[in-house]
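One chain, subunit A, appears in both complexes that follow, with subunit B as partner in the first and subunit C in the second.
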Partner chain A sequence: MGTLKRLLSSLLFFYPLVCLSQTITPGEIHSDIQVDAQYYRDDSAIGATSVPENILMNSYLNLLYSRGPFSGGLRYEAYLNSIQGYDTRYSGKSGIPYRFISFAKDELSVTAGNFYEQFGSGMILRSYEDKGLGLDNSFDGVRLQYRYNGLQIKTLAGKQRFFFSLGPGIVRGIDTEVSINEFIPILRDSSRIRLILGGSFVSKYQTGTEVVYLGYNLAVPRNVGAWSARGAASIGKLNLSGEYCYKINDPGDFNRYIYKPGTGLLLTANYSGKGFGIFFGAKRIDNMSYKSDRTALGTDLNINYLPALTKQHTYSLLAYYPYATQPNGEIGFQSEINYKFPKGTLLGGRYGTHITVNCPSFNGLDTARYPASDDTLNRLGYSSEFFGAGKLFFNDFNVEVNKKISSKLKLNFVYAYIIYNKDVVQNLSGYGTVYAHTGMIEGIYRLTSSHSLRLELEHLYTLQDDGSWAHFLAEWGAGEHFYIYAMDQYNYGNKKPEKRDHYFSCGITYIKSSTRISMAYGRQRQGYYCAGGVCRYIPASNGITLTVISSF
Partner chain B sequence: MYRLLPVRVLIALIFLSASIFSCDYVEYPYTPPTPVNVNSDTVQKVRKVILEEFTGHTCGNCPTAAKSATGLKNIHGDKLVLLTIHEGFFALPQAPPFTYDFRTATGTAYGSFFGVIQHPMALVNRIDYPANNHLKTPGNWSSLIDSLLDVPVEAFISMENDFNEATKILDCNIRIDVLRPLTGTFNLVVLLMEDSIQKAQIDYDVPNDTVQDYWHRHILRANITGAWGDSVLTDPQEGDTLLKNYSYSVPADFKGYPVHTDQCFVIAYLYDATPPAPTYRILQAEETKIK
Partner chain C sequence: MRTAFLPVIILSVITLSAFSQKRMLPLVNVKTTDGKTIKTEKFRNNGKLVFLCFWATWCGPCKKELNALSEVYDDWIKETGVKIIAVSIDDSRSSSKVPSIVSGNGWEFEIYLDENSDLKRAMNVNMPPHAFILNDKGEILWEHVGFKEGDEDQYLQAIKRFSSAGR
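Right after this comes the complex of A and B.
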């Protein structure tokens, strides 16, 4: 009898919910998961070491739920312990560092919790996540976004993620963007001319009014503001854009507590026609590291992002000397021309030939340091010529040719001459500048409709640093779901004979639907992984790696 | 036709905009030093903090941090003990003039254990371990030291050294006075530090990035007890005292560089080594010249 009563009570309790579930749609839920695991072995020849845990693992799970105007999500992360090369401040930690709820209706959108945001090109505000870099500077706070015809206004306030806690500073910002076409009747329906203007203001707040630095007591600002103005125009096939930003005095460990204002300028122009495109970009950065903690260093707690203006090579040896943006000062440009020789011409052949010539170049600023005796009042640190260039940081002249030979064979060629100031880019001393010639040839041959073979040969020639390298890779696309590869990199030109090592590895990848599973075994050389001008050092390793990525 | 922006949205945006237009311009950043009563009387039982700075001779940003540490020493006097630990990539011997090697097994062990991957970084009484924010950048040192010096002293270390010039034997007599009841196990670490060695250093603050005759300060040269010290106290009560004596043969040189005994100090500190999860927090430090 008692059991029956409890059953009836339960039914009565859940009855309203059952009714409710019949009238309200359940919404949608999406998820993705990624697991990166690595088993480490000792390999003294390349300086690789095993780890007491034997296996290190980074894991991520994203959940996103949306229903009508509401959406919410979270990300669970676990670093048990973190893979070598990741910041050890992640190690041993797990939790939910990212969660949010959002409401979007008509012109208004509100987000509470964690969010990523970018104002303009990001030079005064950009939060983003990159698992490859181990970087996540999401905001935890509130964001309000309003779109009204050609007008978009974004405001936000929040603290930034700092591993599994929050940074000490509070960031506030507003961004406005106006599509001029919407406000000028003759341009409103024009598809040939588009004009956009925008502006942003960001301020960070951090407690503390005084620090001791070099034995001096220094008054430091609690509120540091930065603004930017930008514009973009597209006229037919020509696109122009530009952004200028300015930051007031922002002394911190990252700039050795100088009070010089920061500035940044980014200009780009590109023209694209049929079979032909040209791009030119120029950038000047001066003391524009902007962090929500004045004691932060490296990539910690960056409020802004300084866009990369170099080509991100994807082939292994071509990416051996990647450039990292120098937030304390750099000036440079990138130009690129691409052209497709039409089919049926001498150089175009039967299928046409695509050629790209790219050349980024970056120098330090032309600066003059104020002698300490002359800088006792304002502590500005140095003066800089706006158009002056100092020592060369990086130069990359590269040519890429893509040629389809037949319906089954496609060839790609790349040559690059890279000048790389290793001391500056990697913040080291004693390595000097590296001059490297790198060539790459890749052939992709389709054996059947589901089988293919890819061969990749690369060679890096240099007399500096670790000397010359050779690289070979063979990959077999075995059916619809499997890829199997073997590769070797040989540092045959190392000045130290005992360092002339082979880095052999092989692996298999299974792809089906939205699931990808990869397993590889072998050596991995030490080096820098860079994305968007931000880099992470990866130590040499020997072992087995496993990556699982899936979504639904 | 364009509708006007809803008034409430406009008000909200204006209000938010006004609140963020905040910039603090600092036109004259230098402020007078805060008066500090530098007490060098070691008989008075005061808190003494140790700053362990990780560095290397090719670390171009490290001299700036070293100046910062020296500036703090000038302010706090005997209340601050400095120890410079050369370890990691930046301390590797390299092409001339960086052929010399200040690394020690102890320093390497500390760097590895505390996860030092960036230089310059320091431990200040090793606080915040194992919360993973124990490595402090120079901007954090001053306020941290100030706050630690305000904490009442829990145990006091006194030290007397006797160095025999003929035999090069150093006798180190250490006394620990427990001033408050403590719970846990505490280890005593005794180290040899050599101050002021002139060798080349990369310094990004000078025109060609290299100072040939840089004064290296407070260099960790050797350990007398072992990197993690000797277990000396367990759940001590107020008024407990402990006497320890260590004998150490000072070598003629470290890795080929002669030892200048008139520039050598003994550094001793007491830290929390309570198993199973030691905090490594340093309760008290002391330094005394060997002669």
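Right after this comes the complex of A and C.
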């Protein structure tokens, strides 16, 4: 009944606006839906289990309305019950956790209700939604944005979504960004030089001035502030950007109630020319988890976003060991070169050859714990060298080559050597560090104008963890609207012979316009789905999956 | 409660079904690769069509789509005058790599960054690749999700159809 009330109140909320629009000029209404359903079977060999409901399903429906300067929207979500691997706090629930109304005219924009926002690179504030991760930390409150020439100001206040309720903390923030070009006459019309400066301040408020942690009574701040300063410069083909952020003492469950301030630094440089591009990025994070509830853990109620700065691999076994940002402390870099050997050269051939070399590496910080005998220092937790690096968390050296052989055949190759500290990245113990060599060959052959065949072979070699894997996939693009695929992953190198399982699956996808319907049958191995350095564990399963996505 | 609920639903459906106006490109801020903020009203092409596609550096089919479009782009311009605009939905993890990847692949499209997916949400895009054809008024004429080899031929047919119809 509560859900029904919320749905009714949301519809009543928009109905006058819709009716008003009919009396003047019609507005526009658009929608998108997504349904993910899975039927589960028992499969003891891979640890997959059936569920009492037989079928689990996540459903989403977005509705957006706009007319002139007004817009509004809502999203209905139903987890009946939530599919395996999603946080069980969604399970059995449905309702409208997202609704907003907005007014935008000239330089001013006002939003009331739910909204997503990002200040700078997001290191002190970012709210976003990712259905694949089951993550939505939207704000429910008010936001004002104002732009005038090269000046942009954003302010907001709100509470964050926490499944189908709100977190206890209130978040307030202001962000300013200035395009220097607009204020310096000689730069105003320059297309060669562009300078941008920005700064943000965010504060969270949560009731309570004292908590009991491990038997100690600890004083905690009700208001925790964080600021950041950033700049970006483009000089011809060179782009430079940097952001530094600082957070005052913020004791919470996520950092074991230490009083050390948090810091973050993100630097990137990019040089692009015709047919090539070079990128370098560096990042240092120290105690920068920032949540609107001091008792929250994991991905719950994050106010900020700490980008992983590693390559997100797209092929299955290459993505077997994905890196996740370590908000309590990490330091590292990523470099990447993209180059296209021109047509008609020895390595370019008739169509040109594209190569990418990518190398990210991340370590823990070089830290030292304060002596337990000094209670004041001990509450700060640890000291850390700014440029010092501790144990290795993750290293990836990968090379990708894309080559068109003829008008019908394209080939792609990837090799990656990944060093992966599984204990740290997946917050486990006893697994140690994994050293994995992975190779991939993909061939795409165009049979006719609307039929194509794609073959993908992958091999992951390692002596650690679950041992080596082989992967085979064949996909037939059958006409304008259908894909049909079959794939198998074989964990032939598992040290336990009884675990050397095949994970076979097959499926069909229908696509027309903005509608996509997919159905698959078979086994799915356990693993992590990751996006943006945030990961969700997916257990092994066996059964039928159905996905429907559409918009209109 | 249920008796009150049903009339609202029915009224809403009747009201909404009366809508006939064309779907427009929403006005949303995106960024250029050198950090400048612009509004999507700049997505125009001097009276000709715009082919708008959403992509990401971590999306395999997206990069295949952009490579395929890059190979035919010169011919498309000669035949139809269409402009391709590619909007990256990479967040700050990988958005700063976009200029390097675009140059390294030799993609000569207009590139914009939608770092927090504001435009993606406003256009009801679930997953990339997702492509649209827009006319010079910003009306959305056509859309398509996914990509496989050969789809670029379908795209060209649609562009020619709308070009010749004077849409």
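As a working rule, the second predicted complex is superposed on the first by the 525 of 552 C-alpha atoms of A that agree within 3 Å, B and C clash if a C-alpha of one lies under 4 Å from a C-alpha of the other, contacts with A are read in each partner's own complex, and residues count from 1 in each chain.
The rule we apply is simple: a contact is a pair of C-beta atoms (placed from the backbone, for glycine too) under 8 Å apart; a residue touches a chain by one contact, two chains touch by 3 or more.
None of the values given here were measured: they were computed from a predicted structure.
Chemist: Can A:346 be said to touch subunit B (first), subunit C (second), both, or neither?
Modeler: neither
Chemist: Answer with first, second, both or neither: which of subunit B and subunit C does A:378 touch in the superposed model?
Modeler: first
Chemist: Once the structures are superposed on A, label A:155 by its partner contacts, choosing first (subunit B), second (subunit C), both or neither.
Modeler: Once the two structures are laid over each other on A, A:155 reaches subunit B alone.
Chemist: If you stack the two complexes on chain A, which partner ends up touching A:483: first (subunit B), second (subunit C), both, or neither?
Modeler: Second partner only.
Chemist: Which holds for A:163: it touches subunit B only (first), subunit C only (second), both, or neither?
Modeler: A:163 sits against subunit B, while subunit C stays out of touch.
Chemist: Mind working out whether A:34 is in touch with subunit B, subunit C, both or neither, as first, second, both or neither?
Modeler: Touch status of A:34: second partner only.
Chemist: Tell me which partner A:88 touches in the superposition: subunit B (first), subunit C (second), both or neither.
Modeler: Only subunit B; A:88 stays clear of subunit C.
Chemist: In the three-chain superposition, say which chain, subunit B or subunit C, touches more residues of subunit A.
Modeler: Tallying touched residues of subunit A, the top partner is C.
Chemist: Where on subunit A is subunit C touching in the complex?
Modeler: Contact set of subunit A toward subunit C: 1, 4-5, 7-8, 11-12, 15, 18-19, 22, 25-32, 34, 62, 64, 66, 71, 104, 116-118, 121-122, 126, 128-129, 147, 152, 177, 179, 194, 196, 232, 234, 239, 241, 266, 268, 270-279, 281, 305, 307-315, 336-340, 351-352, 354, 356, 402, 404, 410, 444, 446, 448-452, 454, 477, 480, 483, 509, 511, 513-516, 531-533, 549, 551-552.
Chemist: Touching residues of subunit C toward subunit A in the complex: what are they?
Modeler: Interface residues on the subunit C side: 1-2, 4-5, 8-9, 11-12, 15-16, 18-21, 23-24, 26-27, 33-37, 57-60, 64, 67, 71, 91-94, 96-97, 99-106, 115-118, 121-122, 124-127, 130, 142-146, 148-151, 153-154.
Chemist: Okay, in this complex, where on subunit A does subunit B touch?
Modeler: Checking each residue of subunit A against subunit B gives 87-89, 91-93, 108, 144, 146, 148-149, 153, 155, 157, 163, 165, 172-174, 201-203, 205, 208, 210-225, 248-249, 251-253, 256-257, 259, 294-298, 369, 376-379, 427-430.
Chemist: Which positions of subunit B touch subunit A when the two form their complex?
Modeler: 2-3, 5, 9, 12-13, 16-17, 19-34, 58-61, 64, 67-68, 70-72, 74-75, 89-90, 94-95, 98, 115, 117-118, 132-133, 136-143, 202, 205, 207, 209
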